[in-house]
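Data first, discussion second: the structure below is written as structure tokens.
Chain lettering (A, B and C) follows the sequence in which the chains are written, and residue indices restart at 1 in each chain.
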Amino acid sequence: MKFLFAAFLAVFAFSGEASGADVPVSEDSAACIECHSTFNAGIVSAWEKSRMSKVTPRAAKSVAPKQRRVSFDQIPDPFADVVVGCAECHTLNSENHKDSFEHNGYKVHVVVTPQDCATCHPVEVNQYGKNLMSEAYGNLENNPVYRSLVKSVTGVQSFKGLAATLMDPDELTLSDACRQCHGTVVDVKGFATRETDQGEMSFPVLTGWPNQGVGRINPDGSKGSCSACHTRHQFGIEMARKPYTCSQCHKGPDVPAYKVYEVSKHGNMYSALGHGWNFDPVPWNIGKDISAPTCATCHVSLVSADGDIVVERTHQMNDRLPWRIFGPIYAHPHPKAPDTTIIKNKAGLPLPTDLTGEPAAEYLISAEEQRERRKTMQKVCLSCHSQTWVEGHFERFENTIKKTNEMTLAATNVLLSAWKKGAASQKDGLFNEAIEKRWVEQWLFYANSTRFSSAMAGADYGVFANGRWAMAKNMQEMVEWLKFKLQAKEPPPRS
Amino acid sequence: MKFLFAAFLAVFAFSGEASGADVPVSEDSAACIECHSTFNAGIVSAWEKSRMSKVTPRAAKSVAPKQRRVSFDQIPDPFADVVVGCAECHTLNSENHKDSFEHNGYKVHVVVTPQDCATCHPVEVNQYGKNLMSEAYGNLENNPVYRSLVKSVTGVQSFKGLAATLMDPDELTLSDACRQCHGTVVDVKGFATRETDQGEMSFPVLTGWPNQGVGRINPDGSKGSCSACHTRHQFGIEMARKPYTCSQCHKGPDVPAYKVYEVSKHGNMYSALGHGWNFDPVPWNIGKDISAPTCATCHVSLVSADGDIVVERTHQMNDRLPWRIFGPIYAHPHPKAPDTTIIKNKAGLPLPTDLTGEPAAEYLISAEEQRERRKTMQKVCLSCHSQTWVEGHFERFENTIKKTNEMTLAATNVLLSAWKKGAASQKDGLFNEAIEKRWVEQWLFYANSTRFSSAMAGADYGVFANGRWAMAKNMQEMVEWLKFKLQAKEPPPRS
Amino acid sequence: MKFLFAAFLAVFAFSGEASGADVPVSEDSAACIECHSTFNAGIVSAWEKSRMSKVTPRAAKSVAPKQRRVSFDQIPDPFADVVVGCAECHTLNSENHKDSFEHNGYKVHVVVTPQDCATCHPVEVNQYGKNLMSEAYGNLENNPVYRSLVKSVTGVQSFKGLAATLMDPDELTLSDACRQCHGTVVDVKGFATRETDQGEMSFPVLTGWPNQGVGRINPDGSKGSCSACHTRHQFGIEMARKPYTCSQCHKGPDVPAYKVYEVSKHGNMYSALGHGWNFDPVPWNIGKDISAPTCATCHVSLVSADGDIVVERTHQMNDRLPWRIFGPIYAHPHPKAPDTTIIKNKAGLPLPTDLTGEPAAEYLISAEEQRERRKTMQKVCLSCHSQTWVEGHFERFENTIKKTNEMTLAATNVLLSAWKKGAASQKDGLFNEAIEKRWVEQWLFYANSTRFSSAMAGADYGVFANGRWAMAKNMQEMVEWLKFKLQAKEPPPRS
């Protein structure tokens, strides 16, 4: 009775939204809610606040193309005239879901995947698949160079006889570390029976769960997790458009995008004035809805100005990215394909540049494609800035890419010299020894910070806050270390 | 006249709140306000915005137990039917207050203490006394090991003859440093006469003032400061429930709880969507009032979901904490007693573990108590997450406790080796020399960051932002340092 | 038609604001808007939200002095009765603007300068000129010591023959780094013709553009940029009063003012409760409008309490600053003149103190002036705190200045010893070598952080977060480095 009453209210409260039609919850979803509004009240409440709970696919499709938030061609029949509730997602494509299980008469799966979301949002899911992010798991795990970096970071070390020994990282640690963002493999290990308030029930036992990583390998074979940004169970566009979502994975010293944004003029305007902005409209109107961009404005959203479309929505975020400034090892033109394990540099390593900076050009976008992408991005800039301003900004930014690459080269030359002279050894991996770790920080922390700062005019992140100051100091310390090491001729006494 | 008019307005403006009765300000408080609304307008205005200025104790007691914000049994008679104004707190328990002084005919004290607050909130004050926080002053100052750490951080150094000399820290520095959070001893040094707009007046001269530290030693002998979290003079529950309050002491690299929360999915939801949440209700309804937890939700508040109580309010925050992940030196089961100076490890030091990690078990809670506390915490999680999700999260978290302890052990072994081989010396303290400070960072900064990240799924704080990367690098640098040191056989030339 | 209709609406929407009169847009500005509302919709929309677009100078002048936001004596005639639109600023003082150019029949300039803003705000512009900030460009570029620091940070290094070579920084890098905050020289290099939607047009080519640095050298010879804080094109007082604006340049490890504020009790109150505060009123009423200060409250704003003026507005922010705690090299009494290149210490260097800390007293304010400024600042404090509280706070703060200077001296003595013994060399500059960079961090990062923390009671920034812990550790590492260096007698082998 309780649920029916709530549903009845919902119909009235939401009627007229988008379509004028009533918005019925399916019988299946109503059954879910009946129990789970008690067991997991937070989830149900979040969903009740969502657009999903208020608009049917048919209504979502019926608005003008510019305002449209769905991209399917055909309204999927059983779903056309019910709102998108629990059952609509968690019982969809059951046949592909290894995590599907019998649950009170339904075939339910735990992990809702991009393939499920593609029912209503096929264009976005397809675009998303062209991002490095969608391959974030494999790009890390299937690249032997990066795997060695992962091991050097996450493996436990022990100390004996004046030497540290590095062990392989365990699976739980990996899920708790790199894979939080890169994604885990969520697979079904088996099924377990649990005593519940409803009696004995069986549930799948999953590997790598929980996880909302952008490159998650799902039990239906798909990759990624829409809820990484469109946070469950409200899935709001407001959430995805505010910079905090991106900050979850883009805030560390390796990729300080959010930190830089936060101190940029754009970020300051967002923080100071954003309370009066409107984060929901599609298209997103620059000037009317917002007075400065967030991450999504420049990289993702369908943006309009004064009624005209400025840029089309894209979930292939690199559509507007000429460069990959997050350099392993040097900043370089953006890779062509989302799977970066196919790249081979001159030395045969799966890296987008040589150790000395030369790009593995055939795997990277052309100068012409860079121009196109730069132009697309600049269209957003031009909504609030003059051509002169925008060109000046990009000239500086691309100069900074060049100069930070030179500083990476200088540090690399120190390391190459250390390897050559036997002060360090490349044999046990590129990332294990103290001097190698300093070298990693040169490009992964300091050069990256400087470039992110330059890209968004983030002031001190390009100077003292892990920027040029750190690059300059690290370089001096690497050189000094090498000199000390070469002076110490005798082997250390054994304990 | 001015004040009376304001009070008259207040009665009307607030009538009906909670009780329907008029809310009179006591004559004593009215007298305070008459002057202080001019001299300290900010304080008076803040109080006027507070619930204290609007609800009498009788009214506060009269609501249903679940909604109740006071915990006294008997309404304290002179206070029952006036709102809680200046005089109600600042003249309370005068006889116990060494800081009490004659002030325009009143016996006033400066420092309002938990013992004063206990008049209306005895249960909370009692619970709070069971926290490590309530003993934060003594736990630091009366533990010789920690005192030595304090000295190594806050003592001024000088340089002569190629050696640095460490001096004892001065009292002002200590009040400005560690004791800002841990609390000072607020004692009465004497009384001073000052020329004021009201003529000559006498005021107490206090040691360690100002201070709102959680373990403050008060002039009435009580410990702590409720206003550390319930900021004066608004004392709002909104303030205590928002994460910024906790961040004041839990943000540094030693205890990055807020930083991790901020980049966690929970934190992102709070930042993006929190503007629409409700921070005032008691109980606090998950889903309805908030869509994601703040610090207070998991650690303190009376939380309900769909009308049912999920967890009871507790001001003994460790009620929901199986582990103390802030390890000096290793993470360990939570101490039984708030006073940690009573702990003795095998080596006889007042530390919860041995240098090699073995817990001083008799002073720490049992595995069974850990299970109970874990279960209490998980009840909050289960409001929005499935059992499988929650178990998966805790399995990872407890694995990370184990692995970070292993990384602390590895670093400790380097230090023990350095001490043994004479490359460093334990005699002058555990924390003074460069290599000892690196060792401290291993557990105090990096292992802690990794564990906090794991506890809240804070992504990069467990990897590159002071997490595993830093542990791994620090370990390599410690080993390298030891080798350098052992190679340098001759003593340095004397200047 | 479109624009006229908008203007018509505007008159009605805004009539009555401040003056009751209609608020007409000038014909010139209307002509700008007609095209630019399409080409740069964001700018026009921002302006439409601004007070500039709603209030004429005559109306702005007509309010009571306390509420007044303009400071001119005579209403500038052509501007008196139109709102301040595009043309009013971008065609003003054309004769002085080297960046002025023919644009559709108007003489337009790109860069609006303090000299332009002074038409309506002469007092503020004049005060601003007395800040170090207004000389931020020259203070950095015309001081040979600081220039050498700039080079050591921004110059690219290369590595050959076991030595690093430092090159001069290029102009684009400087604009992207230090000069983002300090300001660039914006000069006219020439004019370029560009194909636009309106046909071929000519635009000035500017050096150092874009830039909003506080010490920008403008094409009309003036210094600074009001839009650094009063962000274009909304120019709102809300923006300038919220702490994010200041954070753009005051957030790095060298000057962590915002970071400290953020974790201070004041900052926590702002973050938790600020959503209900009022950032627009002039004067700004403590208690009524805000319950805790932001940067602007203490350093800039016209503040009142309970109807009385507490402090007058000042755009010479050092009016309330007894000390310059951002020490190059030691904290010291605030410099008298904004141009710090005139300072000479005993050694003849343009530094406010000797290397050993003795102030270059004749260039710094007197103890009496310090007392005056301290008293002005304390007036703000006293709005919410007792005299005892405020004095206790300042006693600690000034002790911390002293103690951090002592820690800087200790580190300086290590460096002086290194120079003397030939372990490092002063000849190639003070900031290039690894040990010199460590020394810089002692005062620029750690002593500064500790002092900022002390000034605002920012807890961990004075202890573990780049505070005393870092000073103590850095000191030990500097000493250890020196010992290592002196032990290594032989020169390193040449490659």
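In the analysis below, a contact is a pair of C-beta atoms (placed from the backbone, for glycine too) under 8 Å apart; a residue touches a chain by one contact, two chains touch by 3 or more.
Here the structure is a predicted model, which means the values were calculated and not measured.
Chemist: Could you tell me which shape the graph of touching chains takes: line, ring, star, complete or other?
Modeler: Complete.
Chemist: Quick check on chain A against chain C: do more than half of the interface residue numbers occur in both copies, making it same, or fewer, making it different?
Modeler: Mostly different residues: under half of the interface numbers shared.
Chemist: Rotating chain B so that its CA atoms sit on those of chain C: what angle is that, to a multiple of 5 degrees?
Modeler: 120
Chemist: If you average the Cα atoms of chain A and of chain C to get two centres, how far apart are those centres in Å?
Modeler: Once rounded, the distance between the two centres reads 34 Å.
Chemist: Pull out every residue in chain C that's touching 2 or more other chains.
Modeler: Correct list: 275, 484, 488.
Chemist: Which part of chain A faces chain C closely enough to touch in the complex?
Modeler: 262-265, 267-269, 271-273, 275, 286-288, 291, 305-306, 308, 382-389, 392-393, 395-397, 399-400, 403, 406-407, 409-411, 413-414, 417, 421, 453-454, 457, 459-465, 467-469, 472-473, 475-477, 479-480, 482-484, 486-488
Chemist: Enumerate the contact residues on chain B facing chain C in the complex.
Modeler: Going by the criterion above, the answer is residues 37-46, 49, 110, 152-160, 162-164, 170, 172-173, 175-178, 180-181, 194, 203-206, 209-210, 212, 231, 234, 236, 238-239, 242, 244-245, 247-249, 251-254, 275, 432-434, 437, 444-445, 484, 488, 490, 492-493, 495.
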